[in-house]
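These are the structures in question, set out in turn.
In the two complexes that follow, chain A is the common piece, with chain B as its partner first and chain C second.
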Partner chain A sequence: MTGLRILLGAVILGGLGAAAPFTPLWLISLVTLAMSTGLVVCGLIILWRGGLVPFGQALFFATGAYTVALSGRWFGLTDAFLLIGLAVIMAALVAFVVGFLLAQYREIFFAMLSLALSMILYGVLVKSETLGSTDGINVTQASFFGLKPRGPGYTFALFWLALGMVFTAWVGVSAYLGSVAGQLAGAIRDNEIRVEYLGISVTRLVHLKLTISAALAGAGGALAALSISHVDPQMAYWTTSGGFVFVTILAGAASVPAAFLGALLFEIVRTIAVALLPGGWQLILGSVLLLTILFVPEGLGSLMIRKRAAVTEKGAA
Partner chain B sequence: MITVIAIVTDGLVYAAWLFVVAIGLTLIFGVMKILNVAHGAFYAFGAYAAATAIGLYFDRGWPVVGGYLAIATAAIAIGLVMGYILERVFLRRVYGRDEVVVVLITYALFLILEDVLILIWGTDGRSAYQPYTEAGSFTVGGLPLSVYDIGLVGFAGLLAIASSLAIKRTTFGRLLTAVIYDRETAAAFGVNVTRVYTVTFLVGAVLGALGGALTAPKISVTPGLGVEVIVLAFAVVAIGGMGSMEGALVGALIVGLFRAGAVHLIPQLELFSIYAVMALVLVFRPQGLFSRAQPRKI
Partner chain C sequence: MSALLSVKGLEKTFGQVVAARDINVDVPQGQTVGIIGANGAGKTTFVNMITGHLAPSGGTIQFEGSDITGLPSRKIMRLGIARSFQVAQVFPTFSVFENLCAATAIARSGSSVVGAALSRFVSAETSADAETALDQFQMSPFRDALASTLPQGVRKLLDIAMATAGNPRVLLLDEPTSGISLEEKFGLMDVIMGALKARGTTILFVEHDMEIVQRFADRVLAFYDGTVIADGSPAVALGDERVREFITGTLIRSKDGSLNSSRASHA
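Moving on, here comes the complex of A and B:
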């Protein structure tokens, strides 16, 4: 990634941040929530490129969210940066532990086992009184380096925090995807054994990818918990994981910004659909998913790239 | 002692129900290599169709025996219609695509069908308990046993035997085995693979609907009942080995008994126990208990 692109990204995100005070509050909350989904999808892309589809990413998402809620409840921690840092560490730690098992599997088995692991967490959360059971837990309002904005100020503060996280994730994930370890993802998907013949441990590489993607999912979960001010077991349910996979398909694994745009589109469509057709949300979701897979198999992000490729070809001719 | 008997009987009844649902799922996976998330929709539609049929039938005051026939007819009819539409219109377009992509297609179909279900039957719950209560119950050693539940276990047993015979003894079963082992070679020998696929999918759909229909009299039929079932059925199939019929039977028994044990002894761990068993089995046998390990292709 060039310095120019980083600068461009910073300017766009900075512009969004500057525009916040002139935007309706509900829209800011919506975008913040979309960015939390976008962070998770960023992590999914890393796995996706290696041909791995996690159907249980909600495990790490919920780990992050519950870390925030419980740190506030048990230890009285309120600093947003500290909470998010803890959530990232916890999610990555969980992934590191289950990774010893999960990294051995591929394809459907990887998907199924990650699903099972997330359902274990769901089962624990639903039945455990200390963890809030089915009702979940309220999250206390966070502070930012000692500052405690309230009312609209809190929404703005969270939004700016989210922008910062998005920027960090974008730069970091782009750098990782461009690195040797990141580039090997395509090779793993195409032919794992040949990668092993090159002297690289595929299992360790997958383990690393899983941990990175979990850290991002934990960050997303933490942001979602702060933004909704509530966590519940539904965050660990397999339909939540399905939602993340949905956005990844919609956006495609081709580019990181597409993940955030896809997440934004997802939240907007959901808001509109719930308002206009309360009973038809899943119908719309399913239809979009179906049409995307059948007609734009590489995701909407690929449309941009395809167009760009077409332009370059024309330029060459 | 009574707890042990209760665990075993509850476990068996639960396993019987799981087996009926899971065998359809594993059959479709074994033959078509499709992990069919829409199986949960077959289940839910089967339950609703049965509830409607039971309501219509018992309102007229006809003899009770016919009520069971009504359940079966409703399930078979809805399973055939849905299976045919799904296979012809959607799945046929994606044969040969990546397995994970096909899972996502069926996931999309499942989401759509969940809402279609609400559009057809509304959001109110329905009860169709007549077949359950009419069958009566008796007590063994102070433990009440429902005749309907015993019938369910019997049906699952018959289904296990019938499917095993059908695979080993009939021509279609042998064709099926050929396709399971190697689709391309089977096609080269003149097996009409497309037809085998269609029939398999229809049978699987009917079994899914039947699973729902048999449960309808025992529960309040409400929207969203397909979601839980599909994940449970996955667990059963994963434990037994995807695509294996014996595996589905053993997986259903394991999950059924473990869950019943958890419910009676440590109720907090009900859901946890099922997936913990699944994770444990997959640690030692990633391909499930009854599945052959696949050679790695270079």
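Moving on, here comes the complex of A and C:
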């Protein structure tokens, strides 16, 4: 990624941040939530490019969210940066451990095994009183390097935090996608035997992808927990994972910014759908998914960078 | 004299099928070995065991004096033994150049996952390596063609070029000319050997065409029913009675011993 693109990204995000005080609070909250989804989808893109679709990414999302909630409840930690850091580490750690199993599998087996693991976490959360059971846990308001904004200030602070996370994820994920390991995703999808015979372990590459994607999902979960001020087992449920896959299809794997735009679109469509058809909003969401698959099978990102993707992504100099 | 590659008492059974029995071969540095044998004789199995694709049922494989028996293929690869495949293994959705870049980038990143995460895919060095390979294997006209659209011969070349990206000491080629028209076979082998001989790579290649074997091999290993029935210079091995009876199918009753160049008995 060029310095110019980084600068452009920083300017756009900075502009959004500056616009916050002139924006209705509900919209800021909505965008913050969309960004938390976008972070998870960023991670899914990494897996997706390697031909891997997890149906249980909520496992890491919930791990991040619960890390924030429990760190506050058990240890009285409130610093937002510290909480997010812990959430990322915990989610990555869980992925590192389950990765020894998951990275052995591909396709539907990978998808379903990941789903199974997330359902185990869901079951544990529902059954455990200490973890808040079905009611979940309230998240105490975070502080930012000692500052404790309240009211609208808190919403702004979280929004700016979200922008910072989006920027970090965008730069980091772009760097990863441009690395040898990142570019080998397509190679893994194409032909694992050849990759192995070039001397590199496919299982370890997949393990790495899973761990990075989980770190991003953990960050997304942490942001969601802070912005909703509450966590509950629903965050680990398969419909949450399904939502992430939905947005990934909507966004496509071609571009990182598309993950965030896709997530924003998803939140907006869902909000409108719920308002229009309170009992049957899934009908509208389903139709959007259907139309996406029919007319933009490569996702929104493909519309944004169709030409460039073909040339630079796989590495023609 | 110590051999670069040394195989002792190698065995492989698949249930009732014995695909390799008591194979003993020493290959010195720089030799080009032709491997012949009818279909199902165990040639691919032999290659698969050396490259770690299959674990032997018995025996040992030594490379540069150390035991590599049963190691995973990527570790063997990293030690310096590479291979191409009977059915070319490339990345179909990558262009030829991108395929080569993938190979050179992995080689440059030290073939480790950490190295691969920390090094850039697009770099001046990997591109230069890829250009060199493109040139050496004479694939420049196909530079930007998708691998899935390549003619069989070019795809084979690409497979081999990728295998050599890490500058292996030993290269095993499983039927590099299969599926290629008779007229093109020699040209293809010329390109391959031209690219590799200069590097001093030790080569073992499986081949059904005896003319190719005669022309390119310093030494011939003849496989029959999982064993090596003849091992020697092409003239000696191809002249062997049993080789002519079981493999080349040119057992003619003449006394002159001259080699008949009819094609191998493969289906």
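Keep this in mind: the second predicted complex is superposed on the first by the 305 of 317 C-alpha atoms of A that agree within 3 Å, B and C clash if a C-alpha of one lies under 4 Å from a C-alpha of the other, contacts with A are read in each partner's own complex, and residues count from 1 in each chain.
Assume a residue touches a chain if its C-beta (ideal position, glycine included) is under 8 Å from a C-beta of that chain, and two chains touch if they have at least 3 such contacts.
All of these numbers come straight from a predicted model, not from anything done at the bench.
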With everything superposed onto chain A, say whether chain B and chain C fit together or clash. fit
With the two complexes superposed on chain A, say which partner A:F167 touches: chain B (first), chain C (second), both, or neither. neither
Taking the superposition on A as described, I'd like to know which of chain B and chain C A:F144 touches: first, second, both or neither. neither
Touching A:L184 in the superposition: chain B (first), chain C (second), both, neither? second
State whether A:I193 touches chain B only (first), chain C only (second), both chains, or neither. both
Looking only at contacts as defined up top, I'd like to know whether chain B or chain C touches more of chain A. B
Using C-alpha centres in the superposed arrangement, which angle lies between chain B and chain C as seen from chain A, in steps of 10 degrees? 80
Using the touch definition from the top, say if A:R204 reaches chain B (first), chain C (second), both or neither. second
After superposing the two complexes on chain A, what is the shortest C-alpha distance between chain B and chain C, in Å? 6
Residue by residue on chain A, keep only those touching chain B in one complex and chain C in the other, then list them. 191, 193-194
Chain C-facing residues of chain A, complex: 176, 178-184, 186-187, 189-191, 193-201, 204-205, 207-208, 312, 314-317
Show which residues of chain C lie in contact with chain A when the two form their complex. 51, 73-74, 77-78, 82-83, 85, 89-95, 97-98, 101-103, 105-109, 111-113, 115-122, 124, 126-127, 144, 162-163, 165-166
In the complex with chain A, residue positions of chain B that touch it: 35, 90, 93-94, 99-101, 103-105, 107-116, 118-119, 123, 227, 231, 234-235, 238, 242, 267-272, 274-276, 278-279, 282-283, 286-287, 296, 298
Chain B-facing residues of chain A, complex: 53, 101, 104-105, 107-109, 111-113, 115-117, 119-120, 122-124, 126-128, 191, 193-194, 238-239, 242, 245, 249, 279-283, 285-287, 289-290, 293-294, 297
